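Below, chain A partners chain B and then partners chain C, in two separate complexes.
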Partner chain A sequence: MSEPVLSVKDLSVVFHLRRGDFTAVNKISFDIMPGEVLGVVGESGAGKSMTGTAIMGLVDRPGEVSSTSITLNGDRIDGLDEESLRKIRGRRIGMVMQDPLTSLNPLFTVGEQLIETIRRHLPLNEKQARARAIELLADAGIPKPEDRIDAYPHQFSGGMRQRVVISLALAAEPELVIADEPTSALDVSVQAQIIKVLKRLCAERGVAVMLITHDMGVIAEAADRMIVMNKGEIVETGTVGDIIHRPKEPYTIKLIDAIPSIKEQNPRYAAAVARGDEGDAAVTDAPLVRAENLSMVFDLSPSLFSRLTGRNRKIVNAVNDVSFQIERGKTYGLVGESGSGKSTCARMMVGLLRPTDGNVLLEGTDIWNDKDAAAKRRSKIQMIFQDPYASLNPRWRVGDIIAEPMRQLGIARNNKEITEKVAYLLDRVRLDPVVMRKYPHEFSGGQRQRIAIARALSSEPEFIICDEPTSALDVSVQAQVLELMSQLQDEFGLTYLLISHNLAVVRQMADAVGVLHNGVLVESGPVEEIFSAPKADYTRMLLDAVPDIAKVA
Partner chain B sequence: MTDITPSAPKGRFAKIIDSDIFFSYRTSPVAIVSSIVAAILVLAAIFAPWIAPYDPFSPRTLNLMNGFTPPMSESMLGAFFIFGSDHQGRDVFSAILYGSRVSLLVGVSAVMFAMILGVSLGLIAGFRGGLTDTVIMRIADIQLSFPSILIALLIFGIARGILPPAQQENMAIFVLIFAIGLSDWAQFARTVRGSTMVERQKDYVSAARIIGVKPIFILIRHILPNVLGPVLVIGTIGLALAIIAEATLSFLGVGVPPTRPSLGTLIRIGQQFLFSGEWWILFFPAITLVLLALSVNLLGDWLRDALNPRLR
Partner chain C sequence: MLAFIFKRLGQSIIVMLAVALISFIMFRYVGDPVASMVSQEATIADQELLRERLGLNDPFYVQFFRFIMNALQGNFGISYRLQTPVADLIMSRLPATIELALTSATIALIVGIVAGVFTALNRKSPIAAGIMAFSLIGVSLPTFLIGIGLIYIFAVELQWLPSFGRGQVVDLGWWRTGFLTETGLRSLILPAITLSLFQMTLIMRLVRAEMLEVLRQDYIKFARARGLSKRAINFSHALKNTMVPVITIAGLQLGSIITGALITETVFQWPGIGSLFLSSVAVVDVPVMAAYLIFVGFVFVIVNLIVDILYYVVDPRLRVGGSSKGH
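What follows is the complex of A and B.
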């Protein structure tokens, strides 16, 4: 066995805060071997990013790093002064960060940034460095690198930009690359390619990788060995196959159980099959909600002049002729990558955005054009938003937030009745009713999403649109929120439109699925049909791209 | 992060002591000193009738024989003046107490007026967008490209032309408040417009729109409380500016009537005697004005930093 590339012993990061010390990382030790991809997984606040930051010596005050030793190929790199650290960062340790937009300088071309990095660390002249930069871009899978090298970062798509960042990280031939959530900001189809590129390049060069992510699927796809972290400590270490198939610690078992797998059949479908009806067979003739030929066109022309004359006219067909229907008490899942028009659909169906063309029918009423349409949609349709931090007014008490729809729609008038109903709703979403006196910032993300659900229920709706309801949450919390949503659906007879980029979540929750691609509904049908026998090429590609823990041998 | 455990309910006072703002206050010597200075000056102004040893505006108490008494000494008639007396035998200390009353009244009212106007227009511009936004913000831009003292002078001149002469004396203070307030609203409008445009995009506003809350109520109940932080900061700094603006206008002789002198009026009177050796008539009102403006300004600076999480 050779010497490890990186060896960390007893690394701690402590933040000295006014209310006492907060230990972000607590005495962790691990090694990374040459050419190895080490996955570091954990939920938010587990200290995984802080570990990476501490190794690079980038922890700011009031954080304090302490360790017995951190060695990079035998050299101590802890406790170095800023000048020596700067020589190590970029030269011996490369970095790939989550957001490719902020890790590239928007004012310089990609080539300038690459050449600068190469020349700072390697003894090459301008011409050689440029040749090397082109080589690196080609290796990272950027087509026509000779032309693209003089482009600015904003001229690349998100995935291409992340490839550039990877080339930048590898530019100085480092011994170790620390990749912190390198694919979290990307769509699934792009995500798969980036993981492949990162893995291939590091394998070719024998570079060791520390891959930090919250997504167990990514680790399963890319890593050799993994570390599970929780609350600043290492819970379990081992090979990826061992941990995923034979987790030992209760925390790891819980974490792995909470991950919805895309390979898992829909439990509702299974139950329906067991009962004898083939799930989707019960197509009633009167669906609760119907979207008919919905279209949305945004005019992004730069000026009134170009709008009138048609010069430089820029029109975006965000949603193009989308039709589907949802039966009462069922869930319809709408999947698609970013920019596919999912959220635009949601906004048109909830009454926030008037469609350019087409109708939304709720129990036969056109919610945009009929006479009492506004009143109808306000009382019958509700929405749960993606970001639980932005969807609750930070200046309002929880009780007032939940009571607002009741007050507005005149469901309950006097304060006693309102308080009772709020308490009942909080109880339904498994929160203690005493929290109605508190403000949103006193709650965690999952608890906030429960409050948002209680608010949605407060207007006694029949149809709830859930726009990425769990994508801002940790997996274990996601599982709880999804379970709560299913329970409430049965309890109140709710109909859901579930919008998500997470295919596993949709497979688990939905009865029927629609796949959106560039504003067009490429496929729509019962969930098991689409997941087990997709017809459209795009759907097939999407399903193949999903990193999944079940793929680990 | 770990889940926040529901803490035991604390008293309101204990909560304030424990808050981050109060911590930042406790650890900032500048904030403590300037708040003490400002508090003393404001309290002295409010309780002027009880503190002042003389009534500086009553002709009965004025005696020319008391004129030009230096500070900390007795006049020929045996009256004692801490800060000396002016040419009419008026006690400078009492005049400052009453004068800062006028200055503060004008300053606070003008800022309130500017705040209400600016915040309302900023909210509307930021929320409505489009043409409404363009019109309001262009007016603000034009306004900001003029020195505010010039605008105040202009408004003052117009008011003098419109109002009947008999009313001019009584209305002067209101005209002053209006003039200073109107020259200062654009700052508030700009800030509030920016924050409104950010808040308007957030999902809690969408949630309110879904159930049909009227735009005016969305603005007042949802957005307004979330944009008030920076307004408080500009308001505090604006108060210092308004006090100085009032002093400048009064110094130029277009401010409050001489029968109710403000700090600016006192400085104008005092500067006539500066080179003849009676320095105290100018010095004490001027130093009061500096202390008042400086302490309020430093307090505003501290508040801005304390409310900005990035600078913490």
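What follows is the complex of A and C.
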């Protein structure tokens, strides 16, 4: 057996904080073999990113790194001074970071950043470096690299930018690439392409990869071997197939169970089939919510002048003639890539955005009808947002956050009643009512999303629009929140519009699904029909692109 | 790019028209211009005659139009106090103010940016802490106090530098400069430092705050992960990204250096426009005040135009419409 490319022995990262020491990474050891893709998986706070950062020597104070040894192809790279480390970063270890939108400097062209990196590490002149940069971009699958090299990062889409980042990481022929959540910020279809590019380029060059991600599906797709981390320690190591099919540790088992698989049938559908009333959709009463021929046109023309004269007009059909209906007590899932118009739909349904054309009917009345309709809309329709860190006002107490809709809409008469209702709601979302005195920052992401759900419930709505309610959460937390949402649906008879790019979540939660592509509803129907026998090509492509642990042999 | 500049120029003209209107209203309606022109013995008939001759009985818009046409030709009327054309007065005082303002602005920008970058990069060092403490003085002490303090130390006690005036000047025909003589340069030091101190500390604190923010960004971490040198990261990647907000504030501040020169010029008896304005206010010399108002407005408009163009140069994302957006 050959020597490992990277060998880490007893790596620890400790943060010396005022409240005491916090151990982010605790004495972990692992090897990466030449040409191997090692997946590092774990939930947020598991210390996986910190491990990558520590190997690069990029841990900032007050963090302190200690290790018995870290060797890169036999050379010790721990405990080096800044200057020697800088010769390793980029040159011998390349890095790909999570968010391609922020990891490139917006003020320099892609070419400038590539050439700068190449010339820093390789003895090439400006012209040779430029030729190499073009070659790298071409390798990473960027069309017409000779033209695109002089473009600025904002002129590239997210997926293209991540290709640029990968070219940057590979610019100086490193021996190892550390990819930290390289696809988490991207759409599924783009995600699949990026994984493919990363895998191909590394295989061609014989580069070893350390692939850090929270997404088990990505690991299943790309990695050979994997490490499961929890609370700074390695829980389990093994080949990907072994761990996914035969996990040994309780933590790994829990983690894998929590992942909704796209291959799993909808539990409610399965139950309905078991009861033998498969075709009950036809007998339900009139739909609660109907979207009729919804359209939204944004005019992005550069100036009033061009708007008037029609020169340089730039009109974006964000949503184009979308119709669907949701029956009372059911969940409708809306899926699609970013830019497909999902969130615009949500904003029109909730009444934040007036549709250019078409109607939103709630119990048969248009929500834009008149003042009464608007008041009704406000109490009957609520929304849960994607990022529970941003959607709760950090300067308000939890109790006030939840009570706000009641106060605004005059649902409760006095403070005593409000307090009682808030306590009741907190209890319903499985939080202790005493937390109403606390502030949002004292809660974890999952708890915050529960608070957001309690706030949505406080106006006693019938219809809740959930815009990516779990995409900012860890898988195990996601499972809990989804479970809670299903329970509340049964308890309160709620109707959901679930917007998500995560197809597995939609399959698990929804009764019916609509697939949006460039603002057009390409397919709509019962969830099992669409997932097991998609008709539209786009739906099929979307389903195929999903990295899924069930694909591992 | 050209279209963008033309658009901004068009907006500048609208702003200048508004300034001119305010200036005109002041000129025309603050006090009675005729009363301040004629002698006390003039009869009411004489005054009416003068009023007719000056066109003060014409409709408002005709007078405003005439005012603008005159202003465009550099004709701002005649100073009540000195009985010389206002334009000549301003032209004779302008070089002093401009030289003072430019020197101050240069000092403020260079020292401010260098100190700001230094304090951001060496956050914990005692020197940075010292600079930060000193900057508080610059922000909080009023300009005249700093000026008097500097005069006391360097002119009275140490007797290194002159305490007032502009020193010897060299007449270049259209411009009287103090840059070319030793006394001129020596006289410039104290007022320039006094005037620059506030902007300097402001720019420094701004650069520091922006720099700290930028250094936290992912692209800086990624630049480090690419093994770039510290110099390249700090001065090329980080500094350029701090420049957009710094240009905004610095631009506005440099405009106010001209207006701020008022106090400094008084403290140092600097023969510039600011002191001219102050002495005109004392005797309600309205034509001079009106011209000063237009001048200050003009300076701000020009500075903002330059700022807008600089944005365009620094940040490619703002080059709207000019570039192809590809996917």
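Quick note on the criterion: the second predicted complex is superposed on the first by the 542 of 553 C-alpha atoms of A that agree within 3 Å, B and C clash if a C-alpha of one lies under 4 Å from a C-alpha of the other, contacts with A are read in each partner's own complex, and residues count from 1 in each chain.
We adopt the following convention: a contact is a pair of C-beta atoms (placed from the backbone, for glycine too) under 8 Å apart; a residue touches a chain by one contact, two chains touch by 3 or more.
Computed from a predicted structure; not experimentally measured.
Participant: With the two structures overlaid on chain A, would chain B and chain C clash, or do they fit side by side?
Facilitator: Aligned on chain A, chain B and chain C fit with no clash.
Participant: First (chain B), second (chain C), both or neither: which does A:Arg89 touch?
Facilitator: second
Participant: Output check: A:Gly45 vs chain B and chain C. Expected answer is one of first, second, both, neither. What do you get?
Facilitator: First partner only.
Participant: First (chain B), second (chain C), both or neither: which does A:Gln155 touch?
Facilitator: The second partner, chain C, only.
Participant: Put chain A at the vertex: what angle do the Cα centres of chain B and chain C make there, to the nearest 10 degrees?
Facilitator: Spelled out: centre of chain A as vertex, angle of 30 degrees.
Participant: Once the two structures sit on chain A together, report how near the CA atoms of chain B get to those of chain C, whole Å.
Facilitator: Least C-alpha distance after superposition: 5 Å.
Participant: Name, in rising order, each residue of chain C that touches chain A in their complex.
Facilitator: Residues 217-219, 221-230, 232, 237, 240-241, 314-317, 320-321, 323-327 of chain C touch chain A in their complex.
Participant: Touching chain C in the complex: which residues of chain A?
Facilitator: Chain A residues touching chain C: 56, 58, 82, 86-91, 94-95, 97-99, 102-109, 116-117, 120-121, 148, 151-152, 154-157, 160, 165, 168-169, 171-172, 302, 312.
Participant: Could you list, by residue number, the parts of chain B that touch chain A in their complex?
Facilitator: On the chain B side, the touching residues are 1-4, 6, 23, 202-204, 206-213, 222, 225-226.
Participant: Please give the residue numbers of chain A that touch chain B in the complex, ascending.
Facilitator: Against chain B, chain A makes touches at 18, 44-45, 231, 350-352, 374-375, 378, 381-383, 385-387, 390-395, 404-405, 408-409, 432, 434-435, 438, 442-444, 447, 452, 455, 459.
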